[in-house]
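Take a look at this one; I'll ask things after.
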Amino acid sequence: MLHIIKKSPYESSALNDAVNYINQNDDVVLLIEDGIYAAKKGGKFEELLKNLTQKNSVYCLLADIKARGIQENELLENIKIIDYKGFVEKVVEHNPMTWS
Amino acid sequence: MLHIIKKSPYESSALNDAVNYINQNDDVVLLIEDGIYAAKKGGKFEELLKNLTQKNSVYCLLADIKARGIQENELLENIKIIDYKGFVEKVVEHNPMTWS
Amino acid sequence: MKFGVLIKDGQYTHQAMDSAYNFIVAAMELGHEIKGVFFYNEGVCNTCGTMEPPRDERNIRNLLLGLNEKGIRLIACVAAGKRRGLVAQTVSSAAEISGLGQLLELCIESDRLITF
Amino acid sequence: MKFGVLIKDGQYTHQAMDSAYNFIVAAMELGHEIKGVFFYNEGVCNTCGTMEPPRDERNIRNLLLGLNEKGIRLIACVAAGKRRGLVAQTVSSAAEISGLGQLLELCIESDRLITF
Amino acid sequence: MEEQKKTKVMFVCRTAPYGTIFEQEAIEAMIMFGAYEQDISVSFVGDGVFSLKKGQDTALLGKKNFSMTYPILIDDFEISHIYVEKESLEERGLSGDDLMTEVEIVDRNLLKQKMKEMKALLPF
Amino acid sequence: MEEQKKTKVMFVCRTAPYGTIFEQEAIEAMIMFGAYEQDISVSFVGDGVFSLKKGQDTALLGKKNFSMTYPILIDDFEISHIYVEKESLEERGLSGDDLMTEVEIVDRNLLKQKMKEMKALLPF
């Protein structure tokens, strides 16, 4: 499965709810829209994301981090950046579930 | 001030954000719409609400608890129930700020 | 006391309009004055004149007509409305379309401004 | 691959339509097929034909017309639409109004159903 | 139609009732989907579990009490399964006794497996 | 108009930019309100602080970059104060250096006092 998270983890339970449903090793996580704030260095979700990236691939959507002024070097390590075409490819590979 | 909280604390940061802005002793809290779930016995926010009710009056809107099937005895102690007229009176007494 | 009301969420999707309506009715029953209701953000959609909700449900268009008959001004923001397709041809006869200055007027003229 | 798209949020208020649009364009560039876009909940408002956004902003009505010209079916739920004032007179020429069965058809006919 | 040809679709209900319309419009979709002889299931996780709370009375709110439809979803509208996540109930101080209808209370790990079997997941 | 006669209104900006329109429509309201010679202030708390993040570039998204207006709110649009809550910045790994404009970074307790002085609070 591809877990698409589109709400800010600071104001919504979307990330936490999704984490309960992520199959370790198999599933992939994609942060889009305000969901990308979870992957910012120095934020409150650093620990949670670090744990997540140990067993699962975590992607951030390029257009959404750029719009919000988050530079590549402000993202946590092991977070991968993809564009909309990469997004499409992830949906080809995995069945999507959106958490908002 | 009257702090009106209208989102479920399980899915939104509204309650936590509001708590930071409640003036002890002076301010009043009103839970409406999905905000009323914070006041349910046995839930995750029992401790937070118990602390809150020690220094501030906390009200729940009758129409909203009834719609959601929450009975009076399922609410935490010290939570007061008011109807829409009571709501109006609270706004007469205090300047409102809505947290959603 | 004089109240101003700000509604930011759309009809049916969120409870905001319902809570506001019940609040306004209670306030009037208690003898208070509603200086006006301003619709902003998705809230402008509440003033749409073409709603056709199922018959066994409350009709928000009729609720607004009722408020307007009681003399309450219902004001939808022109800019927020245009973005969402609320224009002169589609707005309910209960409401008027006007600018954001009206919201500030409500803040000035009301004793309390309450947001739903 | 065949994609079905479900959009649940209203235009401009939330980013859902924008994300979906960018996703659809990328999918078509990669040679995939979009079986249809279904608008439900507040999402039906995206298909409103009377939007007039500011000139310096993207025009979601035009974006939908562009998708439709590329042969993509845009389907607004009739029941969700009526509630919110989206009726035959106000729906964009880019979209059609139909029933929830169309959403299930998308689930059946698409390889993937993605929700925005 | 043979069992294996049916499309498996799951509604994932994550929102509380009345504050938003999502659960009401989800139920409207469930009813329609039930008529098409596919394999439709419904799961309640997070605040979605509140939708099933007993004793809902919307008279004072002026809204329709749509919760009455849940108990007849399986028998009258041919929904295959109604799952409720045990952990979400517990976190909210609820148990099966608080619910208005017979449902399958399952733990998160089981529901996670069920989700993996679906062709389409519809979050509400 | 004498200072004490002005109506004190505060925008309380609590949402991140672009995911929703709230901050953009808040700024449109700020610009209008500035013209009326009242005492208008703006506070950023919670995710609202993200609105002021430096380096926003919306080209790939296809949306308007409205953040350019923040730096001129005070000088060009007569907004009295822009407050940013220190605790919300810290929780998000941000500091004053990350912001695109000069603002008053205040702690929660001070902002709480400012709020009490307002006649109307407008949450966005």
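Each chain gets a letter, A, B, C, D, E and F, in the order it is written, and its residues are counted from 1.
As a working rule, a residue touches a chain if its C-beta (ideal position, glycine included) is under 8 Å from a C-beta of that chain, and two chains touch if they have at least 3 such contacts.
It should be emphasised that the depicted structure is a prediction, and the values quoted were computed from it without experimental measurement.
Minimum number of contact steps separating chain B from chain F: 1. Where chain C touches chain D, the two copies mostly use the same residue numbers: shared numbers make up over half of all numbers in play. With centres computed as the average of Cα coordinates, no chain lies farther from chain B than D.
Taking A-F and A-E together, the pair of chains sharing more C-beta contacts is A-F. Of all chains, the one whose CA centroid is most distant from that of chain F is E. Our note on geometry: chain B versus chain E, Cα centroid distance of 27 Å, whole angstroms. Centroid to centroid, with C-alpha atoms defining each point, chain B and chain C lie 24 Å apart. A straight line joining the Cα centres of chain C and chain E is 33 Å long. Along chain A, residues 6, 10-11, 13, 33-34, 63, 83, 95-96, 98, 100 each make contact with two or more other chains. Of all residues in chain E, those touching 2 or more other chains are 14, 18-21, 46, 61, 63, 119-121, 123, listed in ascending order. Touching two or more other chains at once are residues 12-13, 15, 22, 41, 79, 112-113, 115 of chain C. In summary, the structure contains touching chain pairs A-B, A-D, A-E, A-F, B-C, B-E, B-F, C-D, C-E, C-F, D-E, D-F. Every residue of chain F that touches chain A in the complex is listed here, in rising order: 14-20, 46-47, 50, 53-61, 63, 65, 67, 91-94, 100. Considering their complex, residues 12, 14, 45-46, 87, 108, 111-112, 115-116, 118-121, 123 of chain F touch chain B. Residue ranges of chain A in contact with chain D, taken from their complex: 4, 6, 32-34, 63, 83-85, 87-89, 91-92, 95-96, 98, 100.
Those residues of chain E that touch chain C in the complex are listed here as 18-21, 61-64. Residue ranges on chain C touching chain E, taken from their complex, read 12-15, 18, 21-22, 56-58.
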